[in-house]
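Just so it is clear, A, B, C, D and E label the chains in written order, and each chain counts residues from 1 on its own.
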């Protein structure tokens, strides 16, 4: 495969701030798009030379630079130089194994987020990293891979209607974060459906794979939880007004965002609880099946083993066995055998086994 | 079915503050009732045009507007405009998948609550959302569905007696919250009875359904806990005096409310503990049953297999088997077999198996 | 039965502060006792008309009014009026399903506590509620049922010796609380003995009832823990000096009380741990028993099934079976069978099964 | 036995501050030793009359009074009077069922600690209580039983070298606490060895006793944890400078002490984790054994039951059974039987059962 | 073996601050290396007499003294005297059983860290202790054993490029800590691979060793967690500016370090979750296997036991058994037997057993 994966441990021994791309090596160039808007106008174009960015920064309004593809280190480095980003920020941007976080660098705020979705092809959970930097009147977003997650947002900008075009860069940053959380709700729907499918399987005909599927979902949910948890924490920090770059009127919206993260966490916890109940049901269904198997065996064996013994007795070849010569001996033996079987069956019926 | 359900994830990509009804689409119009009261008088009427509301707001006393049905977005929107509610408040009101919360918007306080009850028809747990907004001298409540949960309260108002008519809008808001928590106590009674039924089943004749019923109750309790927990938190916030719209004398009552939520949480935790003990008892009862089945099989098999062997030996057709010719051979074999069976039974008795 | 139980949920829909007795309806009247003491004298008498109380309140020293029986609402109501208690306090006093709590109403402190003991008759855990109100120089205690839990305290007062008679009402309140915690220690002893009995049962001959008894004790301990926990919390609050009615010199004693609650909590936690270990031992003992049963079956079956087969072979009626005509055929078959059995036994011995 | 045990619950109903010895009643008198030292000199003698103590208190330097045996209430009471100790302090000193704690009484600090060690005779965990009081220039320690735990400390004092003789009474108190924690490390070694022994047992030949031994160790560790935890808490309090009697230069040493308690807690937690893994391994080993037993039974039974059937068929006495008369009938039956057995064995081999 | 291990408990009874080496006694001398650097120059040499150190301390720039081997107490003692280190610091340096910690002694900061790696030889987890002291312009590091963990750092210093040579001693201390955390990432990779191997084993052919290997990995991870947790805590303390010796510009780098520790903790937690799922899968796979074994046994036994009985009946020797004389008796019996077997098979098929 042409794609290669660079691990985080490969950075061991390097100086902090060294730019090393951690993640899957993509082919192709990074794509940089610039959107500049204010109350009245919107300009959108693809950037080929990064020097073009500077011109629009001079104008009033908000500039949003969207970089798709973080494996091209020189692009990231140039942007870093252009907008005076700290080396540690750049290092984190190109490290796609990072956990969500927010860092206030004084003149800008740096946010790392993760998207999560089930791959249509493999059915596995895929995550992609999105990091963003915002200063007054500027937002730069870096996407690990090309996604259309921000497309509805761009559409709203293009239409120029709504709150978005009238607010500052902090509101745009909020809107980007909101888009990602919207994706989590879609994932929760998918998870909910998968859980329901397994639940039906459990009632019907559980198999060994059922348990593995339960654990696979639990694993996926744990990952979502791990991504949403820090997001929840730093959203809380932001809405409490501890980040000066966030304006007063944006905080109400961050409170809404916080609510959404709490909703996601709660749904995950409910799902978790359901799953752990399903594991118990699965395990007890194995024991129940064993019980049933054993009952069948026991019933058959305890009825026929004594009968076989009786038949064996009269199969013995002793010369002197008076019963064998009785005219009704054979019929009597049958009677005894039917009696034994009947009493056994009665016993089992009384024990509620049959 | 004419009822359709709109999911929370359907809002993905929309601008924050967009009014989208999340929940079951009800038929019929929203019903708006207005109650205006002060120490001496009470006025109660159904509102057809929302402009009627304004007239009573001008008078002294407390106005309570109760909206039943949140799926009619224009009604909610008009009320929002009339009383100057924030778009995010309106968005939350029409989203019936919201978790309980309280938000202080400065000039009003917004509270979201949930009612919970077992449906008489399906036996399933139903939740309905009730949100309320209160300002000085005004309370607006929004109910997802028509319920009679506030009827006792209205009755108390109509009778004009008691503390209710002499207090401000914050006390009315408290009284609404109290009504909902009263409903939780009824639910706890129902849960307690269901647990007792299962407990009797466990002692008597546990079946596969028993475990599923245990988990279903556990699931319901988890939902109640999820609804009461934030309520408990923000009641605490309110009674500590952090919400300026809550007056000093109402806080004592909120302390009482807080106590009730604590009582509910504690009862749930006790129930939870009981349920987890029941799961252990259920699982051990499966193992015990298996044990018993195996004992029956083992006793029968170990007694009769050796006997059958002995009978088999003397069923062999060797020409030279001296025992067969002994006159007392047959009787001797019976003696041996009875001896073997007796010693087996003694062994089992000593092992306490029979 | 003449005793009827009123549930907490029966209060749903009533105005807060409504006096409704929650608990078992007792027959008979409430009994009110008054003790008034100072450094030098003690007066003790039963009160028939509540107006008598007022006279002694005027005198210096501490007045202790003990009300036994809270189902007589008018008695509680009169006392409430006499000493100016808040309606919510009265509501809590007559609600015997309340959890332990302390509330500072400014001019008095209200405390709810629970006694816990095993009923000698039913062997079940019984709880009774004791609430108390204390102001400077006045303590009023309300007992759900007549108990002799405060008798040793009264005895100490009558003897006039010790610290008790020289201190204020806060020390008396402390002494009442201390009496109740003393009862918890007796309960812990009883629990400890029950656990030991079960432990012996586990080693000897565990039965299905063993597990149920373990869970019953666990349940009882959870209740004790639920009662001691809030007590511990508000004792801590009181000793830290946050309740102005508590005097400096009483706080040292409250620290002692706090220590006792911590001791109770710790002992419960140790017991809990022991119990959960006992559940594991019980469950593994079931599995061990199954293992043993199966070993017996397997040993007997694997020895005799092959032998029976051999006997079966020579029981066949083929005309041409040379072995049957050998003079030593029969003896040879016995030899083979003994050999097979011996090698099986050797195999089992090597597996450590016998 | 002459030793009797007094329980904590026996104090129920007594006034707080009553001196009641809780613990095992020892025979013999309490032994009081006095050590007085300063930079240059050391005086050590056994005290017969407590009045002797006062003389040395007048001198400069530090006085350490060590009381061995707390069951002699009058000795403790006299010391209490001599040094002005609060009745609650005295009550706690003679109550050997106390949990570790530190209390600041203003003019002195009171500390309760526990020693823990395995009895060489019974192999059970023994705990003894050591309480101490320190004021400027005075330390009084009370030991429940004679131990040699402070002997190394005394030796260091006698040699007069080291920091000990140059520091105040707070450093001596620290040194006493340090001695006790040193004992915990010895206990941890013993626990570690016991765990290793069980681990070997688990791999080799686990028995029912193995599980009980695991739980016994878990129980012992829980007790150690219960004793170290409050110690850790109040050491932290002391090192943070909240106890005025602790001097600045002693705090560094308390930080070291705190580290040691943290080390003990961590080691216990590691052990706990190991033990819970061992329980899982034990339980799965039971299941594995059952599995193996069942495999042996199944293999033997499924091979021989069909063969026995075949033999049974040709043991039937029908007059018209053509196979019986075939010359190669017998040989053919053997062939069939070998074929059946072989195919069964092949099946089991393919299933990896043999 | 010449290497001997000294335990922590061997220090019991010694005065605090006594220098006792705890850990494996290494042979050979301690090796002391000195690196002195400033913006422009770098000097590196091995130190034979410790007095050489003083000369370079006088110069501007940063001095880094690296001591490999802590078992030579006199070396550590001399350094302690030379740089005025507290006896408790020295005691901790030579105690290789210490847990990670940071202590601010005012004029210097003392840090204890642990390296962790799998030994290539034994496959076991090895830990080594690294402690460091830093003052303005001086860092002293003590390694328990010679490692090459700081080699990349030295290399960076020698090249003189990067941030390292331009910063103070606090940045060097940070860089040392960073090197150790880099090692943890390598360990995480190794752990991840081991978990994957076991996962494949679980799906394929789980054995008894599988469970033991799972617990061994869990144990190793717990150790890593125990080492990273305090590191995380004190890094947080350092970056919040509570340690005056840490300069403003270094704090950003500490924030990065903190992120890395959080990443490690999170990965461990994910692994833990995976492992606990694997234990459940393992246990259920045992039960499943038992189920399958029992099914085979039950199918064979319940088919052939009735057939054997039928054959047994017609093997009886009664004189008067009319069936035996029927010409088609034998064929009829075969028919009956085939019918019985077929109906059994149908039953099992309907139960989904075959």
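By our rule, contacts are C-beta pairs under 8 Å (C-beta built on N, C-alpha and C of every residue); 3 or more make two chains touch, one makes a residue touch a chain.
Owing to the predicted nature of the structure, the values given are computational and were not obtained by experimental measurement.
Engineer: Which chains sit in contact with both members of the pair chain A and chain E?
Structural biologist: Chains in contact with chain A as well as chain E: not a single one.
Engineer: Please work out the Cα centroid separation of chain D and chain E, and write it as a whole number of Å.
Structural biologist: One centre to the other, that is 26 Å.
Engineer: For chain A versus chain C, what separation do you get between their C-alpha means, in angstrom?
Structural biologist: 43
Engineer: Touching two or more other chains, which residues of chain A qualify?
Structural biologist: Answer for chain A, listing residues that touch two or more other chains: 283, 287, 290, 294, 297, 301, 305, 308, 312, 315-317, 321.
Engineer: Could you list the chains in ring order, beginning with chain A and heading to chain B next?
Structural biologist: Ring order, starting at chain A and heading to chain B first: A, B, C, D, E.
Engineer: In their complex, what parts of chain E are in touch with chain A?
Structural biologist: Against chain A, chain E makes touches at 152-153, 156, 162-164, 175, 178-179, 182-183, 185-186, 188-189, 252-253, 255-256, 259, 262-263, 266, 269-270, 273-274, 277, 280-281, 283-285, 287-288, 290-291, 294-295, 297-298, 301-302, 305-306, 308-309, 312-313, 315-321, 352-353.
Engineer: State the interface residues of chain A toward chain E in the complex, per the touch definition above.
Structural biologist: 7-9, 11-17, 86, 88, 91-92, 97-99, 101, 103, 105, 205, 208, 211-212, 215, 218-219, 222-223, 226, 279, 282-283, 286-287, 289-290, 293-294, 296-297, 300-301, 304-305, 307-308, 311-312, 314-317, 321, 323-325, 327-330, 333
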